[in-house]
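Okay, so chain A shows up in both of these, paired with chain B first and chain C after.
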Partner chain A sequence: MTAPPPTRAPVRASLPAHAPAKAASPRTSWWMRRQRAVAPYLFISPFYLLYGLFLLVPILVGLYLSCTEWAGLGTPKWVGLRNYQDLLGDHSFWTAVSNTGLYVVFTMAVVMPAALLIAQALNARGLRGRDLFRLAYFMPVVISPIVITLVFGLFFDNEFGLLNAVGHAVFGFGGIDWLGSPGWARVTVVILVLWRWTGYLTIFFLAGLQNVPKELYEAADIDGAGPISRFRNVTLPCLRPVTAFVAVTVLVSSVQIFEEPYLLTQGGPGESTLSVAQFIFRAGFQRQQLGYAAAAGVLLFVAVFALGQLAMRVLGVGRDDR
Partner chain B sequence: MTTGEFESTARLTPGARRGRRRVSRALLYTFLIALLLVFALPLLWALSSSFKSRGDIFGYPPKLLPSPATLDNYRGLLDENPFWSWLLISTVVAVISTVAAVLLCALAGFAFAKYRFRGKNVLFNVMFSSLAVPFAVIVVPLFVMLAKAHLTTPYFALVVPWVAPAFGIFMMRQFAEQSIPDALLDAARVDGCTEFGLFRRVVLPLLRPALGALGVWSFLNSFNSLIWPLIVVSDPGDYTLPLGIQALFGATNRQYDLVLAGSVLAAVPSLLVFFLLRKQLLEGLTAGAVKS
Partner chain C sequence: MRDLSRRRLLRAASGAGLGLLAAPALAACGTSAAAPVRSGRAQISLWTHDPDYIKTFRSAIKDVGLMRGSRFDFGLDITSSAPADIMTRMIAQAVADGNTPDLAGLNFDQFPRVMQSSIAENLFVDLTDTVRPLGDDLLKLSPYSVDGVPYGLESGNAITVLYYRQDLFDTYNVPETLETWEEFLEHGARLSADHKVSVGMISTGDNGSIVNGFLQFLLQRGGGFFNTAGELILDSPEALEVLEFMTRGVRSGALMALPDPYGSACAAALKSGRLAATAMPNWYNAAGLQANVPEQRGRWRIRTLPRFAGGGHIASTMGGTAFAVLKDKPNSEAGLELLRRVYLSREGQVLRYRFGGYLPTLAPLYDDPELVASKDEYLGGQQAFEIYSAAAADLPLFYQAASMQILSDVLGGQILDALKGRTSPTAALNAGLKAYRQQVTR
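Let's look at the complex of A and B:
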């Protein structure tokens, strides 16, 4: 459809009356002729420059560091694969892995369906105040995590928090040690995850629902389908692309979960809420075991990559993309 | 379709049908409003608590409204802490990051959407796969590199490594594909527009809604970020707002009075930006996911 570039050259040469007289120097005309071929490379080059410097190089440095023992001073000491070996035998690491697994399963099995449910409710025909609800639910993501966790502190403080106070007033007991007992601390972290991310995921499902052709629902009505069968046979299949997108995003980001447990409980009590990302942070920046931290980072990378690929295969993300 | 509706609810009189509809509507609104409270109340509670005196914040029984209300927390925060310096650094860093990210992503997204060039698919996949590289993986080596190069000042370390997010490029590409007609580009080329001029004069104006979306997204990301600043910034004089609040919380033995005032003030710019550009943000975020 597009006309071949050469035909345009004469037009262009006659046009720039205001251009400097030397505009037709060999270099400029080369540029004029070639710019359309070169421009895309120039336009994407800043990204690849940054990509190389701040992503590729760190990954390579990380791979190297993961085979060394280093506290940050002097030269790293080469230890081969010992860090990996140590990691596999490190009880803390496995605790972090299983906690992270819990967070991932929770986000996939609870947060995502909850978001879908809310989106479904928001998609009701003729609903008033839809934008207001949508905005309010989205708000937690907009606010700094440090602020969010402080707010949660007000609610979950074991002695004076609002939840225990209300529990005390209403039910006569309020002694739940929300942040101090291993089981409850995990529950609290998970509640924070639910509160912070549900509204965010909701807008994706809602956008997907609004894209479902109305005729399909009408057809289902004609066939006498009830709400449940309508949801199963019309809504879910139409939502597949969005669900796949959300699922992959959620999977990849929840494997890396850090802020919620770190800010709320510092991974404690003990290590009961420690996540893999915080394990890396702790090894690298609190215990100065930079090589060890890098090795854990490499393992996390492998896990995220493998899970991401697996999810993309299973869910068929990008299959209908060009 | 009216017959369909009629058949499926044939046994109900019109009045009963309306009644059932009304009940389900009431349930729906109850559910949505209850959720609204769940999401909004904690924030309102924090707002209210920030006007309570230290002893009242965890007072029993808890009071919804501060009485007596006091501005002491705000005064203490602003008088005894470099709050304005935190805010200034956070804002400057966020604004620089946002402007640069929006421009770089729009450039790259435009190139991926509207040009044919060799290696495009490979380059796009390389770019896209960087989304799956966990932050925790590069954090240690990146910190080591920046520390070795003495580049840990906030204006470099908090801006440059994060200034061209792959997510933004992806979003811009989706948007450019949909909203920039090829004919318009060709017409501008015939008029003697250079390729960069094309970007500046034709593409950027057409991309405006997406620029807004990416702008809010990256402003919020930068303004709210805590972990990376926590790692990189060591000089208290360089603290960003979240860092300052975090440090203050530690320094006051985890007392809530001052940090709540700080939190309220810190949330104001985020919420303001969000409310001003909410439409673009929500639509822009979902554009990539819902593309047909």
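Let's look at the complex of A and C:
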């Protein structure tokens, strides 16, 4: 018989004084010996169980499905990498990639700076009705997609649309086929993105601006800095953490853009506004090509992960040395 | 009571938590096999997207005459959802061996999703024996058949007729009895040039709307997308003729380009009186006209479609929803019995017409005195069945295939390009066919 492990004595000691002294069964003694080592893992196990069940398992199943041909019922047929090969030769997929790229570039290059400028304006000293402006800019995020579809459909309609009517009345020109022309349909989608998300991002920048120490502005004033110089040398550096966070989240979410083109044009005319997320939805839930959709999903996942990592490294998210 | 230490409390709580987690997990691993319901109470789970079907089935199970002699006492558990979601969730539930409905309403453009990989065969009850006694009297089975086996019963015989504003036709001297589309377009071009009024609409919104509008005219002309075997037959002179007709109509202004036949732009066109006529199925009366322009009650009339000079039919069809019975479920037999009573009996069809305006799918009912005598107040008291009866007798057949959605995706943009003058009808159809073949052979 080996000597009891050193952990046993403190465990015994922690028992209540009135606990009856029982002869330890082999099972109990194993548990008594191990419980201090096992207990922490048991406590954190719910997280890992859920993480595995709801994150790892779907990813692994998605990877497996991407190498199969499956319509949703019955047994998936293993096709190896054929779905990936088909995707690379699929004109629709590349159209979707190109459109998504356009949406990402627009969001990063126009929506984010617009949000920053609006936040700067809302942060101006002595601005009256600040809360009203904030509410107005935030409103598009909480409006029902159904309402957006109806209202924007009427705004941009070629025959009866408000924009064309106003354009015709004011400028004598209003014949833009906003939703029927491939080029203008893309413009319409990015207008919707701008309208919908600028106000939301403004809130983040506004929170960041309110944390910029006033002393820095006072010091800049003393140094004779003008508004542009103050913005460039004080505001932007102080907003760096917020900007990095917003840039990464906007990048990751705009690569997965779905709602805006789906609501406004359903990817049309033709496929001219189709995004990659819509392409996946179409393959999976309209054509029942679940293996093909999974392969596109895997590629999207890889793209999002790589871009997210790249952006985090470039922008120094989570690092204190910047 | 003994003292409850913190340790015991934590152990008890964690045990209870694990039990709670394990219960659904174990339940999910089990099979849901239960004895089939042969008689008595049958609580039917019904999924549909349309409130009118809910009203119809609820009324049907309370209708003593309709349920006379049934060995089932029906109850309904209704789930209402969008057409695409019904199909997606039903397939997902079937994969998970979960709670599929007993009766499912399948929109016609969702049905192609189950036409591949034997999904329909594995999910739905084969209705061959159910419909056999009715023979050719039962209409519109073809869109919901796979390899000749029917899996769904159409709710209404969606017959496309010409809706027109009688008052505007009078005002603008457009004869109500024009024989051909070609004559009709001539008057339309004149009205468009003189009064900015169109005599038809063409959908230019999403691919589905565009392609359905094209298909409606194509079926009337005698063409189609697929034959009975599911082979593509789009490469035809009829398809080219129809696309040229549509393109000509849009360019002259006779046909108005609108995103879809229901949305805000269409409502504006109807309200402003700029749309004086349109070819749409019977359900457009309630879903399009009465919904958007109730104030125009009494001004609209219907007639059979003008013919194409080259031939074809005096009617067409677009849309529809079939109900299918899920197989190998405790309520499969009861579901089939309910569907048979509501969808394949005279009483059921009359009830459906009264509640939702669904036209009968039983051919003899187009001569039914009660239905023929009925008047449509929105259509100025017109006896609509006189028109529907003539149209039903010359209704084209419509077949679907598993690749219908692919065709819709690749053809929509090409048709739109032709309508907008960005390409020729010939080039548009050729490009669509080429893209379809590439994607289908993948």
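Everything that follows uses one rule, which is that the second predicted complex is superposed on the first by the 269 of 322 C-alpha atoms of A that agree within 3 Å, B and C clash if a C-alpha of one lies under 4 Å from a C-alpha of the other, contacts with A are read in each partner's own complex, and residues count from 1 in each chain.
Note that in this section a residue touches a chain if its C-beta (ideal position, glycine included) is under 8 Å from a C-beta of that chain, and two chains touch if they have at least 3 such contacts.
Since the model is a prediction, treat every value here as computed from it, not as a measurement.
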Discussion item. So in the superposed three-chain picture, is A:R232 touching just chain B, just chain C, both, or none of them (first/second/both/neither)?
Written reply: neither
Worksheet item: On chain A, which partner touches more residues: chain B or chain C?
Response: B
Discussion item. Just to be sure I read the superposition right, which of the two partners does A:F285 touch: chain B = first, chain C = second, or both, or neither?
Written reply: both
Worksheet item: Touching A:R36 in the superposition: chain B (first), chain C (second), both, neither?
Response: first
Discussion item. I'd like to know which partner A:G74 touches here: chain B for first, chain C for second, both or neither.
Written reply: second
Discussion item. For A:Q266 in the superposed arrangement: first (chain B), second (chain C), both or neither?
Written reply: second
Discussion item. Per the contact definition in the header, classify A:S181: touching chain B only (first), chain C only (second), both, or neither.
Written reply: second
Item to complete: Considering only touches as defined above, state whether A:R313 meets chain B (first), chain C (second), both or neither.
Response: neither
Item to complete: Would you sort A:F160 into first (chain B), second (chain C), both or neither based on which partner it touches?
Response: both
Worksheet item: Between chain B (first) and chain C (second), which, if any, makes contact with A:L150: first, second, both or neither?
Response: both
Item to complete: Pick out the shared contact residues on chain A: the ones touching chain B in one complex and chain C in the other.
Response: 16, 72, 150, 153-154, 157, 159-161, 285
Discussion item. Going by the contact rule set out above, which residues of chain C touch chain A in the complex?
Written reply: 5, 14, 84, 88, 91-92, 94-95, 113-114, 116-119, 122-123, 204-208, 210, 256-259, 263-265, 268-269, 272, 405-406, 409, 412-414, 416-417, 420, 435, 438-439, 442
Discussion item. Which stretch or stretches of chain A touch chain B in the complex?
Written reply: 1-3, 8, 11-12, 15-16, 35-37, 39-41, 43-44, 46-48, 50-51, 53-55, 57-59, 61-62, 65, 72, 118, 121-122, 124, 127, 129, 132-140, 142-147, 150-155, 157, 159-162, 165-166, 168-169, 195, 199, 203-204, 206-208, 211, 218, 221-222, 224, 241-242, 245-246, 252, 255-256, 258-259, 262-263, 276-277, 280-281, 284-285, 290, 293-294, 297-298, 300-301, 304-305, 308, 321
Worksheet entry | Contact set on chain B toward chain A in their complex | 1, 3-5, 7-8, 28, 31-32, 35-36, 38-40, 42-43, 45-46, 49, 57-58, 60-62, 104-105, 107-108, 110-112, 115, 117, 120, 123, 126-127, 130-145, 160-164, 166, 169, 182, 186, 189-192, 194-196, 199, 220, 223-224, 226-227, 231, 241-242, 245-246, 249, 256, 259-260, 263, 266-267, 270-271, 274-275, 278, 282-283, 285-286, 288-292
Practice prompt. Name, in rising order, each residue of chain A that touches chain C in their complex.
Written response: 16, 42, 70-74, 86, 90-92, 150, 153-154, 157-161, 177, 179-181, 265-272, 282, 285-288
